[in-house]
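The next part holds the structures, each set out as structure tokens.
The same subunit A turns up in both complexes below, where it pairs with subunit B and then with subunit C.
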Partner chain A sequence: MAAKAAFPHDYRYGTSRPWTIAAQRLNPPGKKRRKVFVEPIANEDWHVLRGDTVEILSGKDKGKQGKVAQVFRRRNWVILEGLNTHYRYIGRSGDYRGTYIASEAPLLLKDVTLIDPTDRKPTDIEWRYTEEGERVRVSVRTGRIIPKPVYQRKDGIIPQQWKDGPKDTSPEDTLQTTYTPSLKTLEEEVMEKMNIQEDRRPRKSYWY
Partner chain B sequence: MAEWTSKRGPRTFYKSRGARPTGVLTSSRKFIPVQAMIPEFVVPSLEGFNLKPYVSYKTPAGTEQPMTPEMLFNQVVAPQIERDIEEGVFNEENLEKYGLEKTQEGKLFKLHPKNFAR
Partner chain C sequence: MAAAVASRLTAAICRQFQRVVTVSSHTQPQYATQALSKFHSCQPRQMYDSWWFRSSMNNRALHTSCVRKGLEEFFDLPENWGEQTVKSGAPWTAKQLRVKSNEDLHKLWYVLLKEKNMLLTSEQEAKRQRLPMPSPERLKKVERSMKRLDTVVKEREDALRLLQTGQEKGRPGEWRRNVFGKTFWYRFREHPIPWYLNSRYKRRRFFEPSHVAPYTRLSLEKYLRSKIRKEKRDKRNQKRFAAMFPKKTALA
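For the complex of A and B:
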């Protein structure tokens, strides 16, 4: 099992993943930077999920609505697709200045709000329980439930539309239970099935 | 660099990569292969075997719980003990007939200390 990655308590989390070169430049081993203060939000109170449509309240793209592409819980950041962008060159080498692309900057959670799906206006959100006991996000202004966004896989595969290849086990074969519990180990059962007799025992050996 | 393997170091550096010997080297530097030390794969016939290397994305998550020692006992040994108690044949000294072993001595595959690799 891989060990859980350990970060120092004053690690500055950026938009790049911790194993990338950009993150290593941001956090060289001996650095001491001014601490970033992050408003602590409990796991239960976090209401913006990836795939939600939110509206920006302040900044360059104030008033625009966009889909959430990434969420950074460590810094209360949200990155929207194509909004709040600045432009930079990427992949420059030698004399070639690189491709000019738009890269999104993260927005703090308090600068975005969720949108009521019916009238498409920004609202405040509360977590409430339905009659069945399910915990849902409810808009305070209109009282309508905001459904959870559909989870889309990063590799673009939609499980319902997947076509099985020659090396794929079908769902019926996978979910078949053929296990009968018994006190024999797998090796003993296989020996019994294939009529292998083994009377020799290994010689006693020691290791330290 | 992380691991110190046989690919690093000077040309006189020898380090094995974990291969076990398959025979005996005699005093006249002749190598005699021993058939019992050479691994042999015993594979049953795969007629009617439908499992393939990969699992389809369409499969829903399974609902079976992982097997614990308590569950194994309850499913395998407990019914036999209950049946014996009802018949009045239950004997505390004769627990071997339910599959419970007193010692691991003399067994080919010992459970503790585990002497099979899996």
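For the complex of A and C:
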């Protein structure tokens, strides 16, 4: 099993993954930088999910609405598609200055809000429970439930369009209940089914 | 593998491999003896030699059974050979496994095991050929499914044991003190001989020697100090963060 990735306590998390060269440049082994303070938000209180439409409240693109592409929980960052961009060159080599592309900068969580789907205006969000007991995001102003956004999976699979392969169990077979609770252990039940008679007595052993 | 293969349970027969060549036993020896006799007629030999080879005591009947050894189970389905990616479904979840009977779980375990062996073979072969393995996430899915199956079986065993005996742990153990003065949960092991005859066990020291005793108190003090420091730090940080991040609504 792979070991859990360990970071020093003053590791500065950036937008690149830790194994990339950019991240290694951001955190060289001997560096000591000013500590960046991140507002502690509990896991249950996080309300912006990937694929949500949010509005920017401050910054260059104030007032614009965009879809969330990435969420960085470590720094309370959110990256929107195509908004809050700056321009840079990538892939430069030798004399060629590279391609000029727009790259998005991360926004802090407190600078974005979710949008009420009814009137498409920014609103505050609370976590509340429905009658069935489901925990949902509710807009404070109108009381409308904001549904979880549908986001395409990384492997490109759309669950509604899935076709079972030869080695896949069909959904009906998977959900079929075959368990009847009984006072037998798995071994006893299996031995009964396979007609195995075990007459040998276990040898005396000592536990210490 | 939306849970690997319930089909394999019933269809070990269905999915049989017609490409396996069967060689029937009774035809073979005649062919062998004929070949031998032909061979001998080519060479200039004396009469008694060919008689010697043809007599029954020197002719072992050649029997070859069909190559049905099951090695093909170590390899993927033939239509997946040479593919860069192989489609596979989601792994089994613990919730789905809990509704299955013990017999089903027993069968599923072996199905998953065989699939895991097949994937490990494919991984090793890819390493040998220095090529990327097609769809390595299948291995992770199988491992997770097996882990969850094990968890479900353990849960059932725990429930039964608690009901019938009231024992919380399946494996006996007790709290003991090791040579360094640390108290830990010592898990018992099974032995064929009692402890007073086990010389290696008698050499193990489950007590702290007298020169180690002062350090127990010191390490306890260290632990308490660090706990208090952590609590104080958390309280201090709470005040700082409240000042740094005032609670205000996102909209004015």
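As a convention for this text, the second predicted complex is superposed on the first by the 158 of 208 C-alpha atoms of A that agree within 3 Å, B and C clash if a C-alpha of one lies under 4 Å from a C-alpha of the other, contacts with A are read in each partner's own complex, and residues count from 1 in each chain.
Definition applied: contacts are C-beta pairs under 8 Å (C-beta built on N, C-alpha and C of every residue); 3 or more make two chains touch, one makes a residue touch a chain.
Bear in mind that the values here come from a model prediction, so they are computed numbers and not experimental data.
When the shared chain is aligned, subunit C comes close enough to touch A:Glu189, but subunit B does not. In the superposed model, C is the one of subunit B and subunit C that contacts more residues of subunit A.
With both structures placed on the common chain, the touch criterion links A:Thr177 to subunit B and to subunit C.
After overlaying the two complexes on the shared chain, residue contacts for A:Ser139 are found with neither subunit B nor subunit C. With both structures placed on the common chain, the touch criterion links A:Phe37 to subunit C but leaves subunit B unconnected. Judged by the touch definition given at the top, the superposed model places A:Thr113 against subunit C, while subunit B stays out of reach.
Judged by the touch definition given at the top, the superposed model places A:Ser205 against subunit C, while subunit B stays out of reach.
In the superposition on chain A, A:Gln160 makes contact with subunit B only, not with subunit C.
Once the two complexes are overlaid on the shared chain, A:Asn84 sits clear of subunit B and of subunit C alike. In the superposition on the C-alpha atoms of chain A, the part of subunit A touched by subunit B in one complex and by subunit C in the other spans residues 162, 164-171, 173-175, 177, 183, 185-186, 193.
The touching residues of subunit A, when paired with subunit B in their complex, are 157, 159-160, 162, 164-171, 173-175, 177, 181-183, 185-188, 193-194, 196, 198, 201-202. Across the interface of their complex, subunit A is touched by residues 1-8, 77, 87-89, 92, 96, 98-106, 115, 137, 153, 156-157, 160, 163-164, 172, 188-195, 201, 241, 244-245, 249-251 of subunit C. For subunit A in complex with subunit C, the residues that touch the partner chain are 37, 39-40, 57, 110, 112-113, 122-124, 155, 162, 164-171, 173-180, 183-186, 189-190, 193, 203, 205-208. Residues 42, 44, 50-60, 62, 64, 67, 71-72, 75-77, 99, 106, 108-109, 111, 115-116, 118 of subunit B are the ones touching subunit A in the complex.
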